[in-house]
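Below you'll find a set of structures to go through.
Here chain A shows up in two complexes: once beside chain B, once beside chain C.
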Partner chain A sequence: MSKTENAALALGNKSKFHEFVDSFGLPRLIIAGFLLVLFIMAPIVGADLPTQITNTINRFSWNAVLVLAMVPMVHSGCGLNFGLPLGIISGLLGATMSIQFGFTGPMSFVMAIVIATPFALIFGGGYGWLLNKIKGGEMMIATYVGFSSVSFMCMMWLLLPYSSPTMVWGLSGKGLRTTISLEGFYDKVLANFLQINIGNLSIPVGSLAFFALLAFLMWAFLHTKTGTAMTAVGSNPAFARASGINIDKMRLLSVVMSTWLAAVGILVYEQGFGFIQLYMAPFYMALPAVSAILIGGASVNKASITNVIIGTFLFQGIVTMTPTVMNSMIHMDMSEVIRIVVSNGMILYALTRKTEGAK
Partner chain B sequence: MSMNDNKGGGKRLLDLARNNSVPLMFILICAVCIPVSGFSPAYLLNEILTRMGRNTFLILSLLIPIMAGMGLNFGMTLGAMAGEIGLILVADWQIWGIPGIILAMIISIPFSILLGLMCGNLMNKAKGREMVTGYIISFFVNGLYQLVVLYMMGSIIPIIHSSIKLPRGYGIRNTVSLLHMRQYLDNLLAIHIGGVKIPVLTFLITGLLCLFIIWFRKTKLGQDMRAVGQDMEVARDAGIKVERTRIIAIVMSTVFAGLGMVIYLQNMGNLSTYSSHTQIGMFCIAALLVGGASVDKASIGNVFLGVILFHLMFIVAPSTGAKITGDSMIGEYFRVFISYGVITLALIMYETKKRKAKGKAGQMLQLAQSEEDGQ
Partner chain C sequence: MMNNNTPLLEMRNIKKEFFGNQVLTDINFTLDAGQVLGLAGENGAGKSTLMKLLFGMDVIRETGGYGGDVLINGEKVNFATPFDALNAGIGMVHQEFSLIPGFTATENILLNREPKKRNIVSEIFGDRLDTLDYKEMNQRSAQAIDKMGVKIDANMVISDMPVGHKQFTEIARELSKDQLKLLILDEPTAVLTEKEAEALLDSIRGLAAKGISVIFITHRLHEILTVCDKVVIMRDGYVVKDVPARETDVADITKWMVGRNIQSSAQTESKIDPNAKTILSIQHLWVDMPGETVRNVSLDIKEGEILGIGGLAGQGKLGIPNGVMGLYEAGGKVIFDGKEIPLNSPRVCLDASLAFVSEDRRGVGLLLDETLEWNVAFSAMQIQNKFLKKYLGGLITWRDEKAIHDVTQKYIDELMIKCTSSLQKAKELSGGNQQKVCLAKAFALEPKFLFVSEPTRGIDVGAKSLVLEALKKFNRERGVTVVMISSELEELRITCDRIAIVSGGKIAGILPATESSEKFGMLMVSQVK
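Presenting the complex of A and B:
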């Protein structure tokens, strides 16, 4: 940052606009502008704006908790949690077991979280211990820990003794299906709670409130003594060690928190989506979450709750808006390509910024 | 490793086992799986030789960035995409057989160089995290590749034959048939011994690349790369242009990956336009690591051992899994798990070793300092 500041000082009267661009980041600005254009274009090309906004808010409510899971690890200096699939797997274990044990309705959601918690603690603990062994190379190893755990669980979904007829393959009577419908279990259990409907616009207040609760808890935690210590570990490890903070313990705690949030996050995602997706589905789930928080203004070693909210909204906004608007505009569905380029471009931008290279 | 000289033979053996734990583990897996799977030795040998011809060139492309200290080049996917673009164009112009293969290789080179330059520049901006950057670059460029192949080919870039075009008039179909160049390279000069086909020409080309790499290590540029790989700052002080050397390493790797992809696909005889390249980097890296390479050290021997062991496991795992558990999917998932597991394990071992070495260097420094203070 000092380089850009020096440049700004040297120029003296550098325009306000440039300063704004510098602090906000050019890619972020382009993405926000792009989304704004999409919102303006939507009614012009004949897409129903309230429906679009509803979709965006819905998708926001599905994904926000998964993005929130990024925050603790960024704070403790473990970098972006590419190992999110590990937490997702804990969530999936909770979800499938809750159904297996015969819970239905809202109770199945509560039980899914309860059952997922010990798994998240154990997996997160092991994962955190591993990351403490390999400080400096976290991101690459996290990616591959995620991948190996997903492919390991692919075997487990087939081998574990599940028997609930709603989940196993009908023909052979064993092995879980690739997608499991949540109807009768916790489908839309949060979204339908206190839902507001105004014409075509509907707001899933329950899901948003649930996210707000978790986000508030996270914010509160970051302002406790432990939370501040965690931030200190991330921003200045030498200083943290000097003031008597146990660095490894803080990092371990952050990884466990992140893993647990990912477990809850996937359950929230499922209740909105209506299906449990198993096998290879969690494979690439880390990337959208990572790029969302980066779009929101976070960097490899700095992230806040605001980043989560802005980022998820922008990212999900683009994902929901581009197909409809693009399709009606040029009769070409380029949304998938745009999504790939935007999300990975954002991660690349964050990885290659000089200011964060020194570590 | 030079410290091993004054240790006992038993300890040396233990060290050898520890340093080669991944290949040993694979030999064990294969030893268990081969009898259970029930394949005949001739079939296995034939399969292994085919897969060696198909994959070795691609895996060799990984060696140069490792030499330059840039780790496993997850960005080799870029070269694979360039190779595919070459093949799509050649398939459209209907130039088949050996000339088609050679032309596809030639077309792939400028694309590879361009993508390699981009990749190298980005990696220079992200020193110390080249691997994760390369990994994300491969996703990013995959998006660009889709943009070109799915939207621009046929609409902006002229595509003549509708057989490879999507029905809507632009974009390339999911699969492009390379039937008229299928295994042309392998069959030319091929030798058949008792039902086992040896693709001599493919092996010769691979051998040429091996010779080139051996020669290249001894050139000035090769030495520079090794110096950069050892210590960037020292190399810079010695007057080596570090950034430029690193970019050259990546460009070379990308170009070789592009050529390798053409060899790979002419053997397959079928191009899955949107998925052939997505897994290729992962499998090549896994094979190299299985051969006993690590993030900072890899030899040609590792490549060959890796290809044999990794693909032996790949051939026998599904049927072994099916025989043991009665479900054919288990074996499929098992081999995917093993591929990822091996990469994870190798990365973890590399990082812990690096930290240990750092700690040791720190201790030595402290020791030297305290000695100085004592005097």
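Presenting the complex of A and C:
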């Protein structure tokens, strides 16, 4: 083989490599590489690998539904749902009321979803109506909707007439506590269902199956006539309008879907985590979900179920793995710092790419 | 000045191409100081490109510069930016207003060139903090307005002004520049009432008398004849005629503008069936489409014909389909097949078996980020429930990917769309092929009536004839009534049976396609009362 041929081949490989990086996304590649290094490092620094994998899968199962909640709004062109806390609040209302009304065990989980649903529909409807008024600035307004709903509910958690002794402050007997244990209610109802245990490795099959069911329904919805229309609205609203689609209705539907998924998502999170967290907690749920789907390769106006799965796995993998590995290595807790750098960095990256695409 | 032999402006062999399309070829003309030059030509003849070139606009440089020389007072110049052109004494008033709505006329006229007074703060922090000298500003703007010879209130805020006064403010801004030698007016009268236009023409004469040269672009040919010293007529990027204004008339100019051999290109097999029933009747339609306002259009379209709608840009021809199909706010009455169609509702029109291929291919016509399959099948799927599989007794409607693939493939073959596969993204196709996809989308709806707006805009010659052939075939073989809107008269004449010409938001007249170009030209520039 002559020298020039070699050079051409090298060039070809190089462009192929570039193509691969382009299609897979540089940040996704870096993070996947980083996670791989963490998994390799874990046994070396003395952490138990099966336990680590179990933790990663667990955290994946807690968070995946919240990330899935991003999909409908991205499809309809409403952008990333920074207003996720609104849906989470619906879920929290469902959770607390289910306990208040005296449901226990698995039934309390079912009832939490049932009670949360009307709240999610109403809040989502109002939120969607608002977003239809401010087309083009959705993500900014969504952020503030999230902020203000959390602050409003901080007051309401104190004022609403809850009386269940498991939830209210011990001394005064009124107002909800910041953290409520779910023991005896729906703690790990999904996770323990059909759980597989092999040595230190355990897989929460129930939680994963529940997510798989929702993800399948979402995938199926996107293949229906309405789902197709929703994607078209996000892809080119003018085209959709000229094809006789009611754009506002589609956007509203997507926001309601996203809000309901967020409500269910927080309930799934709670059953895995074992606690209900109120007050400022919903505030911190939106950014990890947004960055997870972005790491998964979604953009501001394109997202798939695969993006959700890959993104949640990578993001939660890093969040779980870094403390163990880093702590063993340098005896310093870096995980929080890395989590913040990764999540905010991803969002920033996605927003810069949006302007690039929209020129 | 007049005995000086060097002209103020001379263009020598100007050439310009955009991405391989020759838009200007060997442009030569001269303009003396104090002369008014009228520049006429159809849309796309190259007038605007020529003026952009003269004014040093970025777009010219970004697309590879130009060939030939521009000489001002006998010296070769090459403006890198509009600022250089301004410094050389060239002023330009664009078709669109570039004024700040919340500022007064005076402030707009002297923007960034205000006379200033020094104050304590600016002594310390530099001249950006000087105070404005309003007294001096008022004087200067009053002078500029006086130069025009019209009365406008210099202290009125722009947003409160009638359109005409805005136009005058723009001109006053150019006049307030002391070095101004050449003023370019790009269709300044298009937005003016007749009286305002009259005043503007007067002030142009006044300017010329003061030694300022003017290049005046307009579609109203009689204005050129009243005010200009010489007329330059452009067609397809060439200067076809350069004559003194007093030696010509409207009919001549029209003929030169439209040009081409009249007999050869006309539709040979045009069929006009006087007994055909009216399928679509438009009565007193108005459409509020920015830049293409329709004022009062009444039009009857016969079943099975191809009707062309032509006219100059901005006269409202594009507003007609957009209004009927509900994409822009409209009023009036539209009766299709004996039933009245409510306006402002795209869905109802589509349900009634009307279809529309938009002139805004990339904006409205296509899902650029989606596959060809989606683009072709989407409308038919949403409107007519085609390409869907039903499960659970119609509760779930599932996309039928195979049917979608088949129909897309059928149109890819039929219209010879060049693509790697039916799963290619629409944005990756060339303009001509994108246009074919838009047609395929409309054909897939199998409509009874089709509006096609500017089907050949921005596509190459080969694709053009294919698109026109496809339309004709669609009409002849399936009996679909087609209304085609186009800026290119020749294209209408080879495709259509009858052609309606729109002027000033109204129908100026309807003629068989076999009529001579001059007659169409006369209609285009006529004023409909």
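Just so it is clear, the second predicted complex is superposed on the first by the 340 of 359 C-alpha atoms of A that agree within 3 Å, B and C clash if a C-alpha of one lies under 4 Å from a C-alpha of the other, contacts with A are read in each partner's own complex, and residues count from 1 in each chain.
One rule holds for everything that comes next: contacts are C-beta pairs under 8 Å (C-beta built on N, C-alpha and C of every residue); 3 or more make two chains touch, one makes a residue touch a chain.
Source: prediction; values computed, not measured.
By the touch criterion stated above, A:F152 is placed in contact with chain B alone, chain C being left untouched. Residue by residue along chain A, chain B and chain C are tallied for touches, and B comes out ahead. In the superposed pair of complexes, A:V341 makes contact with chain B only, with no contact to chain C. Judged by the touch definition given at the top, the superposed model places A:F216 against neither chain B nor chain C. Touch criterion met: A:G137 reaches chain B, while chain C stays clear of it. Contacts of A:A238 after superposition on the shared chain: chain C is touched, whereas chain B is not. Residues 122, 125-129, 131-133, 135-137, 139-140, 142-144, 146-147, 150-151, 325, 327, 329-330, 333-334, 336-337, 339-341, 343-344, 347-348, 350-352, 354-355 of chain B touch chain A in their complex. In the complex of the two chains, the chain A residues touching chain C come out as 220, 223-226, 228-229, 231-232, 235-236, 238-239, 241-246, 301-302.
Residues of chain C touching chain A in their complex: 325, 327, 346-347, 349-351, 356, 358, 360, 363-370, 374, 378-379, 381-383, 385, 388, 396-399.
Residues of chain A touching chain B in their complex: 82, 130, 133-137, 139-141, 143-145, 147-148, 151-152, 154-155, 158-159, 175, 287, 332, 334, 336-337, 340-341, 344-345, 347-348, 351-354, 357, 359.
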